[in-house]
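The following blocks contain the structures, represented as structure tokens.
There are two complexes below, and they share subunit A, which is joined by subunit B in the first and by subunit C in the second.
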Partner chain A sequence: MKKTIFSITAIAALAIGMIGCGAKKDGGGAMSGSNAEKVYVAPGEHDEFYAFISGGFSGQLAVYGLPSGRLFKVIPVFSQDPEKAYGYSEETKPLLETSYGFIPWDDAHHPDLSQTKGVIDGRWCFINGNNTPRIARIDLKTFETVETIEIPNSAGNHSSSYVTDNTEYVVAGTRFAVPVPQRDMPISEYKGNFKGALSFLAVDPTSGEMDIAFQIMMPGFDYDKAHPGRGKSHGWFFFTTYNTEEANSLMEVNSSQNDKDFIAAVNWKKAEEYMAAGKFKTMPANYAHNIYSDRTHSATTTWKKEVKVLNPAECPGLVYFLPTPKSPHGCDVDPSGEYIVGSGKLSANVTVHSFTKMLDAIKNEKYDGEAYGIPILKFEDVLGGTVVQPGLGPLHTEFDDKGNAYTTFFISSEVVKWKLGTWEVLDRKPTYYSVGHLMIPGGNSQKPWGKYLLAMNKITKDRYLPTGPELCQSAQLYDISGDKMELLSDFPTIGEPHYAAACPADLIKPNSQKIYKLEKNEHPWVAKSEKETKVTRKGNEVHVQMTMIRSHFSPDNIEGVKVGDKVYFHVTNLEQDFDVPHGFAMIGANTSELLIMPGQTETIVWEPKRVGVWPMYCTDFCSALHQEMQGYVRVSPVGSSTQLSWSLDGE
Partner chain B sequence: MKTINLIVAAAMLVMFASCGGDEPKQEGSAAAPESMVKKEAPGKDLGVGPIKSVELGEIDPALVATGLATFEAKCTACHKMGKRFVGPDLTDVYDRREPEWIMNMILDPELMVKENEAARQLLMEYSAPMANQNLTEEEARGVLEYFRTLK
Partner chain C sequence: MKASKILMIIAALLPASLFFLPMWTIELSAPQYPEPLGMEIWINKIADMKTGDLQNINLMNHYVGMKEIPTHIPEFDVFPWVVGGMVILGLIFGFIGNRFLFLLWFWLSAIFGTIGMYDFYQWQYDYGHSLDPKAAIKFMDSAGELITYQPPLIGKQMILNFEASSWPAIGAYLLFLGMALSIIAYWVGRYEAGHKFPPL
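This part shows the complex of A and B:
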């Protein structure tokens, strides 16, 4: 019976398929089976796009494929990850070092991809840590976090980590104004005393390494979101502000008093001139700069002791304020660089400023007063257009390659498509529910690939099987290749996704590294062959230089370890083949396991507490003899005369 | 029932044929493979892989030295001379195998185990599949040269 039904269904489906054959596939509607087809990537086939989706309060970055929505990897960035020993292994711990000490988590927000000439180049992904202000760089050859840098004088690194057209800078603006330098003072004296630092991190074009080139010390507003100028506005950076009231309590009321806040337009080319002319002040600071090396397979921390600061009141032409209604959140610049979209989250309209008009207003000094020495331009003189009442609670805008903009509306849970220049609303589609960010591959650059739109939702309520009080957040994929948007699929995300970045897989896939070459391994405790394995003692420190290959450890029998010792397992994976990692686990290890890629060396510390003979084993199924990949460490009492020895197969 | 499925299959073929745009993928041939193991020329088992022939001259001491270094770095975790270990004793491997077979086993052990009977027998005997250590052809040639010096 079932078979009959199946066959009839198959024939019916086939009939539809045959009728559909040759016709356009964007028909849509509930009867269309094509939505499933559009997101179906057959087993063994690859997705068209990589998407890097922020892991929000998980502190991590998730790598998905689009259109399938399949999760490939969670890249640990700001939080420890015992699965991969990130932040637990001796080599990766320094990546989480800060001036506050070792911080095992953060709230990761806005990933952005490196660009060349305003086009995504697939080299690096940057992402900001919001709580303990930091920016991280992920190398897209290895999909590993290779650098973290702390941002001094900042608190709530939210208007971050967006990159300029040629990745000259990645930006880090503070959300919370704070006393600069920090000091003991009454909170009520906030107004006029607190400051908001906007940091510009220069990116080395070859190595990708970041360095804080300068900070602009702005008035004590909240700097919410940011976007670099593109194309014609290259050289400028735009930041939305709220709390221009400079309130310090019951902010939801007290920082929503002004009819308009500002978009701060920063001329960073001018800043470079002021820096070259020596107009900066050098401030003492203390912040961590952590870099991971693929040669030593280890990260190191450098302590930076000063930062260069520009005061906009002393630097004419550096910053202008563009009045923007109602606590603007999203700050987005279209691919041409002409339009700066400010989404007043309490406004019924979406405000769009014109870069050309802004330059004209600056040239003709059409000022409407100033704030802390920074000229305020007249709203009417910079206004490019208004999208009238498109929805409730506008947040973020991205762009396609056909002159359209797409804005999310948190309160009315929808994505609205509108036309740049005419400001007319073209289409709207619901989201499920309470959408925050959205992303179009390349949609914040000069070259969007306007095929898909990903909306990221804060709330899922009834969308999936319930999992108790805590529910997942989600991403929803829309086809935007036609006139009307079409919802294709939705899938859960890790943490709360604040923004994402995506690009065609071809920009990254060919460069993806397969192994680390053993001969290039410069780890100080590497054993490049079984001949080089050994165990050495330095006081109560025992260093085991161990190797692994399918499917044994060398050595796999160790004696002479004593209770109270600190045993460092420096484990090198001798494999030189793609996708053959090995794991390493030691009973009673208080840290984590290790997961070691071919040619890599990693280290964990084990502090044996009890006498006995204790096993270790490989945690990553590596071959048919994986279960045999095991060994023993003999632990003797304190003061025992058992000599340090190690062996494999009796040798 | 079978008839209906056949009709479906036939209709699908028609559909694919009529849709010029979507070329059907070349799936693995439906016909049963004759044998997974390729036939070897009698007496000479060259194995399968990138190496079709090896030219051998006088033993080149420089090449032996680099081959030994490569062997020490990439192979000794599983092979010990004069002793069966994870893998076979290789002291007389040059006498047992064709030079092409040796290099193919080094360069593409996965393919060898799949398609070469002798390699498959080794897997049965030793259980541990030989690891591909990603040697270059040049490095594998060096290892072969080193094997030539062993007895």
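This part shows the complex of A and C:
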């Protein structure tokens, strides 16, 4: 009897103990403690990685630190930014110039960092403007947008802006097929008549400046995403297509009918040969190329009037179609360049093409017909493997340095890790919620840094404190250094983070410029010392060359301006000290403030409409006497005889 | 050549380094200046430690009414001649080889050095105390006296929110080494003349 009671008690105790232990494990007290340490960047310390995350419909490019998730800067690219006078100052307005006129906004999706021999080099970041097709280049010494170039014959610049292995080219692919050239015609005649332009922009290896080398005029499909071949597939570029049905309405149904769409494999080395042989047509075009100079601190617009076009049907060997299920979105190439992953967003599997097999299929002409003169390769002859049923709605894949691939699944809201070559699923983790793209630093290059994975999500719901009906979007950081992924942290993002590119901070940090050297300033209206300041009148234009230094303007009293004048304030920041910007604002100016960095000159225009004495002031807290940094402008009536004068402390 | 002469010649050459190396540095550091501001004093100029430092030091100083630090002062017309003269004199003494001349050279260097330090002190005093009465910032100490901003002659000192550090630079250290060598040359000269080294 005693033995029985003892046994029952022992078993009960054991059971309770096991349940208790199990519960503790789920709580993960010790684990979450160490995760916090992994993302904690102590005060005064720096993050390991720079992450450049697109702002999507904000039009800007955000700079975050990983692993902390701290936001350092929102670089204005395609949208005006009144905080920095981007698109408001006379010097930056040209960067937003297009053939449609000045446009203050765009949709910026896919940043890509420049590479040298397949490794991220931290020189420039490129990003696409989706609505008015453009590519912008950001200089990573100053973290400023220094160039924007418009893409003709395109509409919706989505499969952009990706660079080749050695930054020979950055590509722009039209998302929407359109009549080329644009003309009046019924929309229902889309099929067979609309075209999709894939543009290759050559990047100057020293200056980074872009120039459209050629466009390939493709059939009227939608060109969704692209990535370069690398390593063994260097010289090729891959674009996913959807809407091979060539529907023009109710696309959500009509573009989803075909069992397979294509990945277009473009041999750009072959294109270079055709270009050299003169096999292109020159089409008239009208598009803007805007470049900002750090010497003049100004942007200028050049109008380009033509573009060179290749017709793939007349260029054998230029383009091949790889059949890919089903409305594929992401088109991702592994670090070795052998595997091309097509994530068919309406498929349940992930299809992986083999580059070696593709070359073989081309050599042996294993064709399955053609579309508009472009050979379609046989699916079985290019297939490398299929990851079976990994999740619902595969969108995009990136890679680590251990032969693993990570794919996002939008519908099942998760990230799945699988092995290249064996196609087996190794791990899956949920994302919160509905992940779009993910990013591994270097995951789109020959050399990934396989420590962190950032998932960028579309739906936030209850993840953070709510902010009314409109919520920010979110990003989750995972540790992928071990066998299983670990969720480390969760942080909000600006706009909509479509895609990102990241690299170790050491590639960029040492080159980050601290000031602009005043002696190198070549702005036409610079004043390099207080002695050089002056005010000049040219008809009804008044040009004020003023300076700012702690803590005064020079001049700070200006008289002789009249109602109806167009007053240009050309302000030079004379500081040569790190992190001492000055701001400038004028009451009643129908524009933003100026935010001027040491050694820079920037201009805004003020059109005084009222007689009186009007104050101006420094808007950026620069010094102990920042509040005293102010001045006055006297505005006299039209036709008055007040002499133009300017002074500081009576001189 | 006798060892003492060689030593004296080396001693005489060392101050020549002042023609291409700075003599003194004054650094100012504060929490908002993780990379301190600094100035280098040479025998013929005052210069930035890193580009822009002098402008930035003057910007800080003007709030409390301090004058702008000059890049050139009358002393700079005199110093190069004094240093050059001492080098030549030392070389002559070295070749002559008379150890008492070595000692003389040491004492001349010491006297000129002391005069230099006194002059430096005077400039620092003037700079710290001649404050513009219209200065924007005028702090009083607990006794109600106006605070002044004389930097330390040598060493560290807090001046408002800055820690000022005033130290010799490499050129001055080489000068001191030269002076030490001239004394050693004197002792070696004594030994060469037959005297034993003095009991310690």
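Structural remarks
Going forward, the second predicted complex is superposed on the first by the 619 of 651 C-alpha atoms of A that agree within 3 Å, B and C clash if a C-alpha of one lies under 4 Å from a C-alpha of the other, contacts with A are read in each partner's own complex, and residues count from 1 in each chain.
To be clear about the criterion, a residue touches a chain if its C-beta (ideal position, glycine included) is under 8 Å from a C-beta of that chain, and two chains touch if they have at least 3 such contacts.
Given the structure is predicted, the values throughout are model-derived calculations rather than measurements.
Of the two partner chains placed around the shared chain by superposition, neither subunit B nor subunit C is touched by A:N404. Residue contacts after overlaying the shared chain place A:N521 against neither subunit B nor subunit C. Of the two partner chains, subunit B is the only one touched by A:H552; subunit C is not. Of the two partner chains placed by the overlay, neither subunit B nor subunit C lies in contact with A:N267.
Set side by side, subunit B and subunit C differ in how many residues of subunit A they touch, and the one touching more is B.
In the superposition on chain A, contact is made by A:S529 with subunit B only, not with subunit C.
By the document's definition of touching, both partners, subunit B and subunit C, reach A:Q576. When the shared chain is aligned, subunit B comes close enough to touch A:D649, but subunit C does not.
Residues 515, 549-551, 575-577, 623-625 of subunit A touch subunit B in one complex and subunit C in the other. Per the touch definition, subunit C reaches subunit A in the complex via residues 35, 51-52, 55-56, 59, 63, 136-137. The touching residues of subunit A, when paired with subunit B in their complex, are 3-4, 7, 10-11, 14, 17-18, 21-22, 515, 518-519, 528-531, 547, 549-552, 554, 574-577, 580, 623-625, 649.
Contacts from subunit B toward subunit A in the complex involve residues 1, 4-5, 7-8, 11-12, 14-15, 18-19, 72-74, 76-78, 85-86, 127-129, 131-135. Residues of subunit A that touch subunit C in their complex: 515, 549-551, 575-578, 623-625, 628.
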